[in-house]
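Structure first, commentary second.
A, B, C, D, E and F are the chain letters, set down in written order, and residue numbers restart from 1 in every chain.
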Amino acid sequence: MELSARNQLKGKITNVDLGAVMANIKIEVSEPNTITAVITKESAERLGLTEGDDVTAIIKSTEVIIGK
Amino acid sequence: MELSARNQLKGKITNVDLGAVMANIKIEVSEPNTITAVITKESAERLGLTEGDDVTAIIKSTEVIIGK
Amino acid sequence: MELSARNQLKGKITNVDLGAVMANIKIEVSEPNTITAVITKESAERLGLTEGDDVTAIIKSTEVIIGK
Amino acid sequence: MELSARNQLKGKITNVDLGAVMANIKIEVSEPNTITAVITKESAERLGLTEGDDVTAIIKSTEVIIGK
Amino acid sequence: MELSARNQLKGKITNVDLGAVMANIKIEVSEPNTITAVITKESAERLGLTEGDDVTAIIKSTEVIIGK
Amino acid sequence: MELSARNQLKGKITNVDLGAVMANIKIEVSEPNTITAVITKESAERLGLTEGDDVTAIIKSTEVIIGK
């Protein structure tokens, strides 16, 4: 399946922090950039997200704010 | 002003495409990653966004989807 | 690639309306529900979206508002 | 009050999972589709969301990603 | 219908700018604050949005970024 | 740094509620409006958000739904 969301940054998970409902996932995408993703705990568990996993951070273009 | 949004990717604008209401902005953030941001045309004009500008792509962590 | 976004509604495109920067896509997901998706025109063209295509509407759970 | 958000899927709550700050709500919208909504715990409590409630899942069209 | 989205700012439309697919709507919510909302042109037309209309700007709490 | 996000409401924090992963922040922006922002707990701690702080609630225009 190909996605309309153009922004797809490949990286490696460096930390998984599970709460009651949400999970905070750190993804190192390219030196020196780290992406923080907050997803549901159930999705983190369903995907079996663990440190070291190769993943893709996907971001719809309408969600990006520009600072100058 | 410091922002709660942790994901801040520095880059350079490589293209600005203005529509009637929206604008599509390409930002090269780090080889080989390009971020597409869709913002209002009025914000693109207010910030004077042009090719070559150094900008920051800001993304709230709740907006990131993970693919594995 | 499996996605963290749990909400994935399969459907068929019933209309594609291209603007200068954005595109409005109608997806019939199940009688009587139609999903409207607004994506960039370039993504609509890259995916070659046309009436009759089988597609999936993907929605992150943090984007859903509940009305009661 | 009528909403600009066109995507309004009627359904029935099948599960409510309250965390400290957030709540994960499952809504069966039409066989075989289930929508997961993550809202604040305080909104879940203010609306008194419980299994069996008839609710509407509301999604702005700019939040929908298309997969093909 | 009551909404889970807590942020509901009442105001008056001061400008409507229609593009091909999207529309930019200005809402004066309280001196000196103006909210800009970008919605689909079809929703702006369906709701018949015009200058002077009393409307509510609705924002899910997960969409708010804090600057300090 | 100037932001493309036009909606910037100045206010004062009236409550901070920390969960395991997320935090619920109340911001009084102008009588009688209160904005609820849900951000990561780590961002709330990094910014040192406390009752009485002067902050800005930042909202991208594509995230606003209009009710009429």
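Throughout what follows, a contact is a pair of C-beta atoms (placed from the backbone, for glycine too) under 8 Å apart; a residue touches a chain by one contact, two chains touch by 3 or more.
All values reported here derive from a predicted model rather than from experimental measurement.
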Hopping only between chains that touch, the fewest steps from chain A to chain C number 1
Common contacts of chain E and chain F, by label, are B, D
In terms of mean CA position, the chain most removed from chain D is B
Interface of copies chain B and chain F: same or different residues on the two sides (over or under half shared)? same
Dist(centroid_CA(chain D), centroid_CA(chain E)) in Å evaluates to 21
Distance between the CA centroids of chain B and chain D (whole Å) is 29
Cα centre of chain D to Cα centre of chain F, whole Å, reads 22
Residue ranges of chain B touching at least 2 other chains are 1-6, 19-22, 24, 36-40, 42-43, 47, 56, 58, 60-63, 65-68
Inter-chain touches occur between A-B, A-C, A-D, A-F, B-C, B-E, B-F, C-D, C-E, D-E, D-F, E-F
Listed in rising order, the residues of chain D that touch chain F in the complex are 1-5, 19-22, 40, 42, 58, 60, 62
Note: in the complex, chain E contacts chain B through residues 17-24, 36, 38, 62-63, 65-68
Per the touch rule, the chain C residues reaching chain D in their complex are 5-9, 24-25, 27, 29-31, 33, 35-39, 43, 47-49, 53-68
